[in-house]
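Same chain, two partners: subunit A is paired with subunit B first, then with subunit C.
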Partner chain A sequence: MTDAVTTTGLTKRYGRRTALSDCTLNIPAGHVVGLVGPNGAGKSTLLQLTCGLLAPTEGRIEVLGHTPHTGSPRLGFVAQDTPVYGNLTVADHLRFGAHLNPGWDKALAQRRIAELGLDPSQRAGKLSGGQRAQLALTLAIAKRPELLLLDEPVAALDPLARREFLQGLMSYAAENGTSVVMSSHLVADLERVCDYLIVLVASRVRVHGDVDELLGTHHRLTGPRRDPDTLGPGREVVQASHTDVQSTLVVRSTAPVDDPSWTSDRLDLEDIVLAYMAQAGTHGRDRVLEKR
Partner chain B sequence: MIEFHLDARSGVAPYLQLIQQVRHALRLGMLKEGDRLPTVKDVVARVAINPNTVLKAYRELEYEGLVQPRPGLGTFVTRTLAGGDEAIAAHEPLRRELTDWLGRARAAGLDDEDVEALLISTFREFSEERAGRRG
Partner chain C sequence: MIWLTWRQFRVQAWVAAVFAVAIAAALAATAPHLFDLYQSSGLADCTSNCGDLADTFVIQAGTRLNTILYGVGTAALLLMPALVGIFWGAPMVARELETGTHRLVWNQTVSRRRWILTKLIGIGLTTAVTAAVVSAVVTWWAAPLDDGRAGRISPELFSARGVVPIGYAALGFAAGVLIGMLLRRSIAAMAVTLLAIVLVQVAVPFFVREHLTTPVSSSTPFDPENIASLGISEDNTITVHAASPVEDAWELSNVTLGPDGEEFEGPIDPAKCGPDAAGGKRECDRYLGTLNLTQKSTYIPADRFWSLQWRELGLLLSVTALLGLASVWWISRKVA
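Coming up: the complex of A and B.
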């Protein structure tokens, strides 16, 4: 199976500010990929590079085997805050979509609008946030894209609207095997819907991989205070904190940690994401311990 | 047909939760041989989870020999976990005895955590003793 997205050394700078630096990734097709990170980490930049709205400053990106370009019928993109045209009606949006997209699935679009209970003659500006997001999703999936990109689609929605949006998105993905990449801060939502995760902090990819694999290889170790470098090879310390007597480490390790002086706990996805975010914030600070 | 649900705070991986719910339903006789499991699309549309999670759970159940996919028709239960009619018939009286016991525990001043701890430790001792006798 070809990769949905492949990037090599992908970098995007706006003047002197680097939005994304040296990003090398391959996202296998057929996954629902979560893109997480704090505000300004480069999530929107990566998504806009992926759909061809931005051109890279350095490096390469291939999407579904080709250089991305805007207007590709194989890509669906829902931008941040799910924009729609406030003065146009729901029916106008569907006509617009049909006109612009050769592969437009009229039946799918109309079925979704009916299922959602949207009035076709309603102006989009009068829709609720949840309805607007659902309309934007309908426009993106009626193109029948092979890859669907969503930038913070549920951030502004209440919990019920969020759940309904994800239900719609997941049933579409289940039916069509579409690859999905969505950014979000809401790790709890991503934990349900994603099977692949990319953590982006301060313009860099900190970790990416299959969710089950990430959950299986990250551990929290607590034990008497000691130098984390004594853990041995094959164990990457993601985060370390120390008190006078105790060390708490988050490590990535493929082999189980069988040293009995450590207590090993499993981490959930949110813990793992937070550990990588904290690592980016305090990089280098814990190095002091090595010199003791 | 059963309906799945997810407990986000349980710390148990979503696909394992689905497997546990099927096993649980089989054990209680809510699912029987020949019953159809919800389609992947039904599950994701209801629970809002990743379709691959559902597929993974169903594959695992297939591997355990509990279900069998039939292309174009769905996934069907091939084996039950309830120990036959006799075992199911024993559920009700056992449940009543357990309810009485819980009433006595509450009357003796045990709270929920006490009861849970006592049940788990007794259950563990009992299982270990049995295993010891067999070995």
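Coming up: the complex of A and C.
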């Protein structure tokens, strides 16, 4: 599998504040990758380093085999809060995209705007949050990038707009096979669209992998109290909690758990992410479980 | 990129065009009458007694409309650098950083360097052309009145005539852009830009301009007929100034020296000059004439106007270019 993004010891500091420290990770190409982590984990900084808006303080980053720089035709980026020019109309934005991008796909842009029902003569400043995000996404994908980066694109949207945005993104990615990396602090958003997940807590990758694989290999085991170390090989305990008589473990295991003394439950993606965040010592529950 | 620059700037460009055309039209409409008066008053080709002719002409030409136009034209050129810096320069980058749209535009297929260069050159040229047009019209229209008044070499008019308004306006724009990207806030950048431009507009005429040329020095025997002001204190010290030796020049200094080469301060004979003197003004003047005084003055003559204009424009444009390069460097390296 080729990597869309490779970082080695990537560090970004603003003065004395460290936004991302010593981050080493690979993001595979050809996937819709979800980058999840609590606020302040460094997701935004990582994405801005990836598109070249920021330069690393230390460490290395390679995107599609090159050091990233802004103005690259190969990258599309939808920034946090999906900025657009408030006093330019929707049509102006498409013209702006066409003027500034040699690979501009005019038909795609116009089709999307028509499908979304956006009025081309409407000023972008008067659009709703969802429409604005859709316009920003249209600009990013009509550029025909090889890698599309989205920084919390739906954070400010209501549930309906959120669903529409993610559907649009998903159908585009499925049709074109574009690599997508999308960050969110809400697992529920990523669950719908992503087939690959990276959990980033405090600049560290806690777990990464295919969503199906993650779902298939993680189990919650409940049984009489015992030492988690006695589980046997091939089983990694992610999280353990004990009462006087009972133990509850979150376990990553490639082999099925067939010990009859355990009750085994499947976990959903959110439970898995939470377990890794708890392992990392953050109070992920406060931040990640904002279900809307 | 040119399209985007124009699209984002077209309202301001139209405002500038309307403003320039309005000033040009108002001045062109009143020019024939003003120029006729200038000819008929005899000031245009006067060889002697020019001072009186000038006074007469200024009174005749000083209709309410002309006075307003003269003031508006001069004020427009003096205010233009600050206006351009505040409304075109300061928000140019700062507003993008404030609204986050720099993250949108820099992720199109256009380098930051090209983005900032296109904007700097496009809007900078608009600024220069606007200043050039307004200054050309105002300089042309106001020439007779400038001739009748203090002369355009004087510090209060020099910055609002000829080619230097182009330099001041361009400098105001470039300073606004750089301050905006350093402060990253439009409003704060506007305030700081205003302060910076006012500072430059005061500092250049009073501290820099005289070093761009070599002033003329003249030493002549003190002529009591020529006294412009005279003050006598109770302790018999005196301050006496003679009128400037040349008209229309920009006087840098004008002192009366005693026989010892120091500025003359007396003491004087109270019996000849002062409240107790019997002979009055005439006797006092004659007395001062016998004291072997010298009038020493340094000034920049009016005929240096254009050479000084071009030198100052060169200086201003050089600083503008440096600010522009600093902006390009900062955008390419530092801002995110």
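Everything below uses one rule, namely that the second predicted complex is superposed on the first by the 277 of 292 C-alpha atoms of A that agree within 3 Å, B and C clash if a C-alpha of one lies under 4 Å from a C-alpha of the other, contacts with A are read in each partner's own complex, and residues count from 1 in each chain.
The rule we apply is simple: a contact is a pair of C-beta atoms (placed from the backbone, for glycine too) under 8 Å apart; a residue touches a chain by one contact, two chains touch by 3 or more.
Everything quoted here is computed from the prediction, not taken from an experiment.
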Which of the two partners, first being subunit B and second being subunit C, lies in contact with A:Ala55: first, second, both, or neither? second
Does subunit B (first) or subunit C (second) touch A:Asn101, or do both, or does neither? second
A:Asp268 in the overlay: touching subunit B, subunit C, both, or neither? Say first, second, both or neither. first
Of subunit C and subunit B, partner touching more subunit A residues: C
Can A:Val205 be said to touch subunit B (first), subunit C (second), both, or neither? neither
For A:Glu175, using the defined touch cut-off, is the partner it touches subunit B, subunit C, both, or neither? Pick first, second, both or neither. first
Examine A:Leu35 and indicate which partner it touches, taking first as subunit B and second as subunit C; both and neither are also allowed. neither
Counting only touches as set out at the top, which of subunit B and subunit C does A:Gln167 meet: first, second, both, neither? first
Please indicate which partner A:Phe77 is in contact with in the superposed arrangement: first for subunit B, second for subunit C, both, or neither. second
Could you please specify the touching residues of subunit A with respect to subunit C in the complex? 48, 51, 53-55, 69-73, 75-77, 79-81, 83-86, 88, 92, 95-97, 99-103, 136, 139-140, 143
Which of the residues in subunit C end up touching subunit A in this complex? 1, 3-4, 7-8, 99-101, 103-112, 114, 333, 336
Any idea which subunit A residues touch subunit B in the complex? 30-32, 163, 166-168, 170-171, 173-175, 188, 191-195, 212, 215, 266, 268
The answer for subunit B against subunit A in the complex is residues 6, 8, 11, 13-15, 40-41, 44-54
